[in-house]
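Note that chain A is present in both complexes that follow, paired respectively with chain B and with chain C.
Moving on to the complex of A and B:
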């Protein structure tokens, strides 16, 4: 059988509507921005190295049927706490990043476990619960950063401490660890900088995810993602496996945030972690993932598309509206709109599939007659 | 939990702690104050420590630079009207900060480093 014969363009567009809209917007923005292909590509390479790891953190919870893990903010926060200590202790380069990871990972394990416990009690509403948990963690983190640091935990470096003498500054320069990973094995090919070690770390994570899917735990997660009731009947420890998915996701978010910030070179102490969550969610959804299915390819496509828009839209906005800020607002607005659209589409598809299944039970064998019957019933 | 599992977990925790200690000890940054206080024909200089980017020091000025870990470090000094200097210095284990005077750096001679108090020098 020729697989091309089965290709239905309309169905393909309908299945990947979020990606198609984003791609169309990017293609429209590129000529208006008047940016050269080389500039866009070199920026894309840099930005891909910066944020791909972070987006991978979302795959496992989706696999386990928990939707987009908005609580990855907890892991990002743990990574930032690790970085604050690394900067305060004045540990430089890759060692600074390793120390930040060593401090951040146990914290993220604890936070992931806590988050998993909460999400197990909020079954079916994981995304909104995770979202609110992120806000809760924001408060705890601000209390930690503004009051505990400098009061219970001494701050030794003047550059880290606020001028009031207590608490961590709103913006931290990460000079000692800037490029700590990117600058090792950095290859220059024409106009492009290729941070080979960072790409190696991302490739290793891809291999880990591929391997993990084939393990017993990976199979369990997929089974739980399909049907929790059946998985429980089959003897799978559903709650424990869901907690494992969230813990691994939180650890990956912690490491991803450290990689992201070492590339940026500075950190909005009380805001960066929130942006990480929104960005990762938008990227994986733009890449074609849904809240119930995500692949490695979705991450790659999503990161490239979101960053393409981030690069071109502010300049295109400047050219069209004579204001760079309008372009910036538009890319932010599109990002949030994409998250909303993907969630609405998911809810709509779920409802449609349920209706189809119900109509099928009434004896409408094929999809078209089931839909017609459903439409007739509505009229 | 079996004895074997317990041992494996203990080893993992020990390796984790060792990694953190190694990162801290080998990656800790130490300050080196480099001054260009010399009199006479002193001009601005560019100083490179290890693999960092060159830093400009104006005539009569000083900059605090960081080096990773104690031990031997490379230094390169470029100045107009004089030969470039490339050499190495040892950061003493007991020092908390070092001071290097560009005027004292002469090609072919050993580099002079002076341990100082970091707080005092920054003032």
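Moving on to the complex of A and C:
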């Protein structure tokens, strides 16, 4: 961006309308929730360390022009399978997390490759296909967790097994690996816990993404995101590069989910992966990313904003409407609606730009009057 | 031989596998102690219960708006219809009729807004429809708590406000279509003097379903319907021949939303309960899979696709639990349902649509 360009507040707001709306909602919710600033801030730090990594998984597919990778759920599933084994073999602390990663990453590579193949066949509707692929994977994962585990693969630990004697439990306590990463270098500053190692991992990931953009593969991805046809003519292996974007995204989602769960200490065996997908998509869009453009800054802003709303909204809703359920539904509604809004705005802007470009081709001097004339003709 | 090959590629392997699977389930059912007459009754009931929601998807597919993952909007208008008719204290056929009228009213409003929105986002309809549906369901969850419903059998007992999670239709219009002229074949009178067992054909339900299917068939062949199909097949050509693309797309969305609302009313009367809050969240997915199993693609759907698809899908859902459970002693039906229905949607989304034969 050109630093000399004049700053126009109205244009800035309309370009970042999703972020602005979300910020406004949060600012309204904070006083109603009657939570102290210190409580909100210490919660935010904790939640940021927990979930920032997951959101980074979405950057590369956006760069490659594949939209929001809703199929990151596949990576999160791989991470959970890794954790199931770590708990089952009773490997403690950071070793347990490393074991989970060692099992999860190869699985993510395979799932990401599979997902990339599918998405290459569904050009132009990657997002909806990725979304359904997540549901499809849920079925495969349930088959694995409920029937394969305990039948083909024996379960060693009783706490992992369902009461009926086969399959993995619906909620798994991750006691042995809980805080495996967070507690290694934990700094206490006043009322705030600062898990330095987790922050280190996130910082390292940021550096990786900055570096990756500059590599050959990163350039290829950006080129494909601009125009697949031209990239193909320029000798870029389009299909392969798209698959690479999804594979890396799936691996990051796998590691991100492991980091998330070691902080939570509990895992909804068959539901946690789904929440990861919803959360990450909402966060990156709230942070100001669009379906075709995302930066590291978007991730940071998004994670902070979404979590401030998650912390305050249920309590604020309860205070305003005198009903705890309203607050909960309100959070869910805002989560879904903000994704819908971001997608609508992006698609709408794209369509408007395309119409303007087409109107320009017709040789009208004033594009707006051309649009109006065209709209009149259609009616 | 070539003709068989052409038929198979046209019909698609997944459908053939599902049909064979279903046939195998029916053949093996008597050997594992599952009663066939009861199974057939279930299949017919569930077919009628779900088929209208599948039918609701057709206009939007035809108009090129893709699979209507925003079906929950129609379902919400149906929920408004039934809960309001109940709140007014209407029962029996009168109640059901008023519920349908209220549903049509709200369905038109929701459909109009939703259609206008989808016109602004051409090319991304399906993802956006999904999230619009999700957020509408959540918004209505808040409304179910806050709207001034007062009838004791509708609202939650302890607080006296906010709808119950599932509301029984027993005193209103439970099974009003199912029981209308229902035929019992091979039933036995038991000791208490009640009829039991045998095959029950839900005549009223089937008549209603047939009426809806015939209505849709005619609608697609009217001037509007033809224009709609033209828009879906080739928007530029349609515009050149003087059809308003935007208007046709909006019409298709409105029709889809209204039929979806009526679909949930039929579902409720057969199921016996009105389910509110997050129950409609995922209801679009089984309908979409059923349509696709019936042989529809993302851009083309016919009445035959609707009927065959719903029969196959609901047949599979009915038969798998009973047969598989008696063989394996575990309930694997849920897993099979998830894999088959979502696998089917992915298959349809990734298939290259054939332009010419």
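Heads up, the rule we're going with is that the second predicted complex is superposed on the first by the 358 of 379 C-alpha atoms of A that agree within 3 Å, B and C clash if a C-alpha of one lies under 4 Å from a C-alpha of the other, contacts with A are read in each partner's own complex, and residues count from 1 in each chain.
One rule holds for everything that comes next: a residue touches a chain if its C-beta (ideal position, glycine included) is under 8 Å from a C-beta of that chain, and two chains touch if they have at least 3 such contacts.
The model shown is predicted, which means the values in this text are computed figures rather than measured ones.
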### Query
So, on chain A, is it clash or fit between chain B and chain C?
fit
### Query
Which of the two partners, first being chain B and second being chain C, lies in contact with A:333: first, second, both, or neither?
second
### Task
Mind working out whether A:133 is in touch with chain B, chain C, both or neither, as first, second, both or neither?
second
### Task
Using the superposition on chain A described above, determine whether A:103 touches chain B (first), chain C (second), both, or neither.
first
### Query
Touch check for A:122: first (chain B), second (chain C), both, or neither?
second
### Query
Now for A:92: first (chain B), second (chain C), both, or neither, which partner does it touch?
first
### Task
May I ask you to name which of chain B and chain C touches more residues of chain A?
C
#### Entry: Which of chain B and chain C A:323 touches, first, second, both or neither
second
### Query
Does chain B (first) or chain C (second) touch A:343, or do both, or does neither?
second
### Query
Between chain B (first) and chain C (second), which, if any, makes contact with A:40: first, second, both or neither?
neither
### Centroid geometry (CA): angle chain B/chain A/chain C, rounded to a multiple of 10 degrees
110
### Task
Report, in whole Å, the shortest distance between any C-alpha atom of chain B and any C-alpha atom of chain C after the two complexes are superposed.
29
## Note on the structure
The residues of chain C that touch chain A in their complex are 69, 117, 120-124, 126-128, 130-132, 134-135, 138-139, 141-142, 145-146, 162, 239, 244-246, 277, 285, 330, 332, 334-339, 342-343, 345-346, 349-350, 352
### Task
Within their complex, state which residues of chain A touch chain C.
67, 118, 121-122, 124-125, 127-129, 131-133, 135-136, 138-140, 142-143, 146-147, 166, 291, 321, 323, 325-326, 329-330, 332-333, 336-337, 339-340, 343-344, 346-348, 350-351, 378-379
### Message
Please output the residues of chain B touching chain A within their complex, sorted ascending.
### Response
16, 19-20, 22-24, 26-29, 66, 68
### Query
Contact residues on chain A for chain B in the complex?
89-96, 98-99, 102-103, 176
